[in-house]
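Below are two complexes that have chain A in common, paired first with chain B and then with chain C.
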Partner chain A sequence: MTSTFDQVALLARRSVIRTWRQPAAVVFPLLFPMLLLAVNSGGLRAETHLPGFPTKSFVAFALAVPFIQGALFATMNAGTDLARDIESGFMSRLSLTPLRGAALLAGQLGGVVVLGVIQACFYLLVGLAAGVRPAAGILGVLVLLVFAAFIALAFGAVGAWAALRTGSTEAVQSLFPIFFVFLFISSMNIPRNLMATTWFRYAATANPVSYLLECVRSLVITGWNGQALGLGFAILAIVAAVALSLASYSLRRRLVR
Partner chain B sequence: MTRNLSVARAVAWRTLHNVFTNPSLFIPQLAFPLFFFTAFAGGLSRIRHVSGFHYPLGYTAFQFVFVLLQSAAFGGVFTGFGIARDFETGFARRLLLAAPHRTGIVFGYALAALCRWSVTAVFLTCVALAVGMKVGGSGVDLPALYLLAAIVNTAAILWACGVAMRLRTMQAGPIMQMPVFLVLFFAPVYVPLDLLQGWIHSVAAINPLTRVLEAGRGFLAGSPTQVAAAYGAALGLAFLFSFWALRGLRKAEAAG
Partner chain C sequence: MDRPNTIEVEQLVREFKKGPRAVDGIELHVDSGEIYGFLGPNGAGKSTTVLMLTTLLPPTAGTARVAGYDVVHEGPQVRARIGAALQEAALDPLLTGHEHLRLQAALQAIPRAERGPRADELLQRVGLSEAADRKVRGYSGGMKRRLDLAMALVHRPRVLFLDEPTTGLDVQSRTALWDEVGRLAREDGVTVFLTTQYLEEADVLADRVGIIDHGRIVAEGTPDALKAEIGRPTLEAVPAGEDGRGNLSDLLARFGPLVPSPRGVAVRLEAGEAGLADVVRALDAQGVHVAHLELHSPSLDDVFLAKTGRSLEGHGGE
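Coming up: the complex of A and B.
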C-alpha cells in the first residue's frame, strides 16, 4: 500500500467483491424494492383519482421509494460488513498495518456508493420499462444518480458508525426496523397535502425521509423544483457530515495502536 | 397421543418462554403490526374518498382486518425463524433424539405460534378500539374473524416449519418470509377488489387470501360475505402445509 488512494481503491474493491459474493446482499436490495413498487403501484392506483394527486401514474409517484430503500440497504451493507470485520478480528489485523483510518472508511463507503449507484440504475431502468419518463430529462437522471450516490454515502456512514461504535452485526441489523418506521411514517404512499389524518401529516412533515422522497419525486414528476432539491440535498449533507464525524471518531478509538 | 401432547406442550412452553423473556423477539411482534396499522390506516385514510370505496366502517376498520391477518401470518413466520435457530444451535437435533413422538414437535411449534399471535391480536385490537375503530359485527361475526386469522396463523407456521426443517439454517428466513409477504400483498390490501385494475386485479382475483381478507372485512362490518370460500381457502392451506411440515420433519430426521 503506497498511497492513501491505493488503500482506498483496494478496500473499495474488497467491499464490492465481498458484497457481490453474497447473493442475498445483491438480489434482495434489487428485488424487494421492485416487489414493493409493483404491489403498491397496483394496489394504490386508485389514489391517482384523488383531486390534487400530482400525477396520473402511480408508478412515477412510487418510483422515489426504492431510492430511499437503497439508503436502508446501504446502511445495512456498510454496517454489517464492517461489524463482521471487527468480530472476525480483521480490523485488529488492519490496525497493525500502516493503513490510514480515513482510507479504511473511504474504501468501505466507496464500495457502498458503487453498489448504491448500480441499484439506482436498475430502479431507473425498471421505471423506464414501466413507462415512466423523468420530467427533468437526461440531466435530471444524472442528478438522480448523484443523489443516489449521496444517499448511499450518507446512510452508509450511519451504518459504519453503528458498526464501529458497537462492533456487533446484530446491533447494526437492529437499525433496520428504525429506518423502516421512518420510511413508512413519511409521504411514501401519498403526498403530504392529501393526508387526511392530521397527526400523521405532522409526523410525515417532521420526518426528513419525506423530503428525500420529495426530492426524487420532483425530478421524476414535476421537473426542476429548487426547493425540493435543496431540501433533499441539504438533509443528506447534514446526515453525511454528522455520520462521518461520528464514524471517524469511533474509528480512531477502535484503531488505537 | 398423550406422548405427542406432552412433547407439543414442552416445545410450545419453551418457545413461548424464549419469546416472552427476550425483548428483541417480543417487541417486534407487537411493534410491526402496530406500525403497519398506523402507516396504512393513518397515512392512507383519504382513500375512503375514492369513488367506489363503500366499506361502511371507514378506512381504519378496513385496514385493521388486513393488519390482523398479516400479524397472524407473520406470527407464524417469525416462529419459523425460531425453528431454524433451534437447528443452527443444535437444540432441534437434541429435541429429535429426546422426543418419543416427533410429530409433537411440529404441533408444539404451531401451538406456540398461535399463543404468541393471540397476544399480538389482543394488543392490536385494543389499540384499534382506542383510536376509534368502528365495529359492526357482533355475536358470531367477531369470533369468526379471529378464528379465520388463527387458521391463517397455523397455515403460516406450518409453511415456515416445513422450510426450516428442510433447510435447517437461519439463511432460510427470506424463503419463509417472501412468499407470505407476496401472497398477503397481492390481495386487495388498500382498496376493495373491485377498485383494483390491471394485472394486480387478475392476481388478486385468484389469490386465496383475497377471499379470507374480504370475508374478514365482512365479519367486522357485520355483513358476512364469501364465508365458505374463505374458510375453505384457509383450511385448505393449513391442511396442505401440514403435509409439507410433516414431510419436512421426516427430512430433518433423515438428515440426522
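Coming up: the complex of A and C.
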C-alpha cells in the first residue's frame, strides 16, 4: 500500500497542477488584492496623519489585508475543487482506491497551503518594492509565511468542510460574500482605537478577522508583539481545529465504505 | 488460498429515507469469468445495486460477497479486487489521460517503475495513445468512457463493474468497448457485472442476464434461455389505411395476445412461426389490407414485457 505521506504528496501535486492550469485561479488571487491595496493606499493615505496611527506608510498598514484575502481564495479553491470532485464522481473513484480519508483531506489542503505561501511571497515582494520593510526582520518574514500557510490551512479546511457537507460548488461559492463581510467589518482600513463610530468599533473588536490582520501588522509595522502574535495564531488554531474536525466528520460520512 | 472471482448476493435491500426500496431483496450469483448483464429501466435499482456491490453505499439489509469478501465488513479487501466505471465518467477535466492513469496507479500502490509502462499499455489498449497528453476536457464522450475503463483496469481487478458504460456513445465507440469487455472476460478471466439499458448490449455481451424492475429481479438466465421461455414470435402488421387498424386488431387478436407496437398492431403468435400462414390466409379472407407485415423473433424486450407487462424499449437509463 502507498504510504500516507505519498498519498498526501500525490493529491497535493494534483491540487497544485489543477490550480496552475486555470490561469484565472492563479492570476485573480494575486492581482485583485494588489489592486485593492493600490486603491486603498491612494485613497486612504491621509489616515497616516491621524494622531496615534501606527505608521507613516499606509502601504505597510494595508499590506496585511491581502494575507486575509488570500484566506478567502484558499477557502474557495479548496472547497470548489473538492465539490467538483464530488459532483463529477472523481471522489467515488478515489474512494475505490486504498486512499486514506485523512490523506485525501491533507492532500487537498496541502495544495492549497503551497499556493497560499506562493501568494504570500508575491504580496511581500510587492510590499518590498513599494518600500515596506518588515519591522520584525528576516525572521519576521519567515513567521509571516508560516502565518500565511496556517491561514490557507485553516480557511481551506472551512471550504473543504462546506464542500464535503454539501457536495455543491454553488454552496462553497456562497461562502465568499460571508467572508467578505467579515473582512469589511474589521480593522481592515483603520486601527480599532481610531474608529470613531462606536458600533463599528465594537463589531471590529468582536470580529476575529481583526486579530488576524493585527497579527500580520505587528510583524510588518511594530516588530515582535507577543500578544498580537498569540491572538492571531490562537484564532487560526481554533478555526483550523474546528474546521478540520467538521471536514473529517463530513468526509467519514461521505466515504461510508 | 485464492478466493473465487464470484459475486454472491442474498436478500440485498437498500432503502432511502422517505423513499421507496430502491433495491428490494435481490438474490444473484455471478460465476468467475462470467459477464452478467443487469438490465432494467429508469429507477429500477441497477446503479444502487452497483454502488452497494462496490462498497460505495451500505446496504440496508442482506449480504453481498464480491471476490469472496463481504462488502460491508471486508470493504478494503473487496476494493482491492474490483475495478469500477460508474455511470458518469469520473475524470478530472484538467488532467491528461496519462496523468490520470499514473495517479490511479500510484494510489493503487503499483511500484513507481511500473506506473508509466502500465499507463502506456492501457492507453494503447483503449485506443487513446495519441490523446494521452491532452487534457481530458478536450476528450469526446467515447474517449472519456474508454479512459474511465482504463482507470478501472489499472490494478488488474478480478471483478469489474460497469454501470451503463456505453450510454450516449456512438456505434463505433460502443462496439470497441464491447470488444474490450469481451476480451477481458475471455482472455483475462475477469468477472464482469454490467448494467445496461440497451437490450442489444445485454444480448450480445452477457453470458447471463438479470432483469430488474422496481428493485426486484423478475427474470434471470442466458439471453437464449430467457427468449426461449417466451418462445413465441411476434407478428407486427401495419394497416394500409388508418381506418383499418380496428379490423386488424380484431383479426390478429384471434391468433394470440396483442402486444404494443409503435407502427401498427402486433400479436404474439400462440402457434409460433407456423401461425404466420394462418394469419395471411385470414387477412386475405377478411379483405383486410396491410402495408407491411413482419415476423420478429423473441427479444429480451419481449421477455421484459412478459415479466412486467411493460416494454423496456424507449426507457432512459437509471
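Criterion: the second predicted complex is superposed on the first by the 256 of 257 C-alpha atoms of A that agree within 3 Å, B and C clash if a C-alpha of one lies under 4 Å from a C-alpha of the other, contacts with A are read in each partner's own complex, and residues count from 1 in each chain.
By definition in this document, contacts are C-beta pairs under 8 Å (C-beta built on N, C-alpha and C of every residue); 3 or more make two chains touch, one makes a residue touch a chain.
Every value quoted in this text rests on a predicted model; they were computed, and no experiment measured them.
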First, second, both or neither for A:A171, with chain B first and chain C second: neither
Partner chain(s) touched by A:F184 [first = chain B, second = chain C, both, neither]: first
Chain B versus chain C as contact partner of A:R21, first or second or both or neither: second
Comparison of chain B and chain C by chain A residues contacted: B
Partner chain in contact with A:G89 - chain B first, chain C second, else both or neither: second
Partner chain(s) touched by A:M195 [first = chain B, second = chain C, both, neither]: first
Touched partner set for A:L99, first chain B, second chain C, both or neither: second
First (chain B), second (chain C), both or neither touched by A:A149: neither
Which of chain B and chain C A:G42 touches, first, second, both or neither: first
First, second, both or neither for A:L50, with chain B first and chain C second: first
Residues on chain A lying within both footprints (that of chain B and that of chain C): none
Chain C to chain A touching residues, read off their complex: 54-58, 75-76, 79-80, 82-84, 86-95, 99, 103-104, 106-109, 135, 151
Contacting residues of chain A [partner chain C, same complex]: 1-2, 6-7, 10, 14, 17-18, 21-22, 85, 88-90, 92-99, 256-257
Residues of chain B that touch chain A when the two form their complex: 24, 28, 31-32, 35-36, 38-39, 42-47, 49-53, 171, 174, 181-182, 185-186, 188-191, 195-201, 203
Residues of chain A that touch chain B when the two form their complex: 24, 28, 35-36, 38-39, 42-47, 49-50, 174, 177, 180-181, 184-185, 188-190, 194-197, 199-200, 204
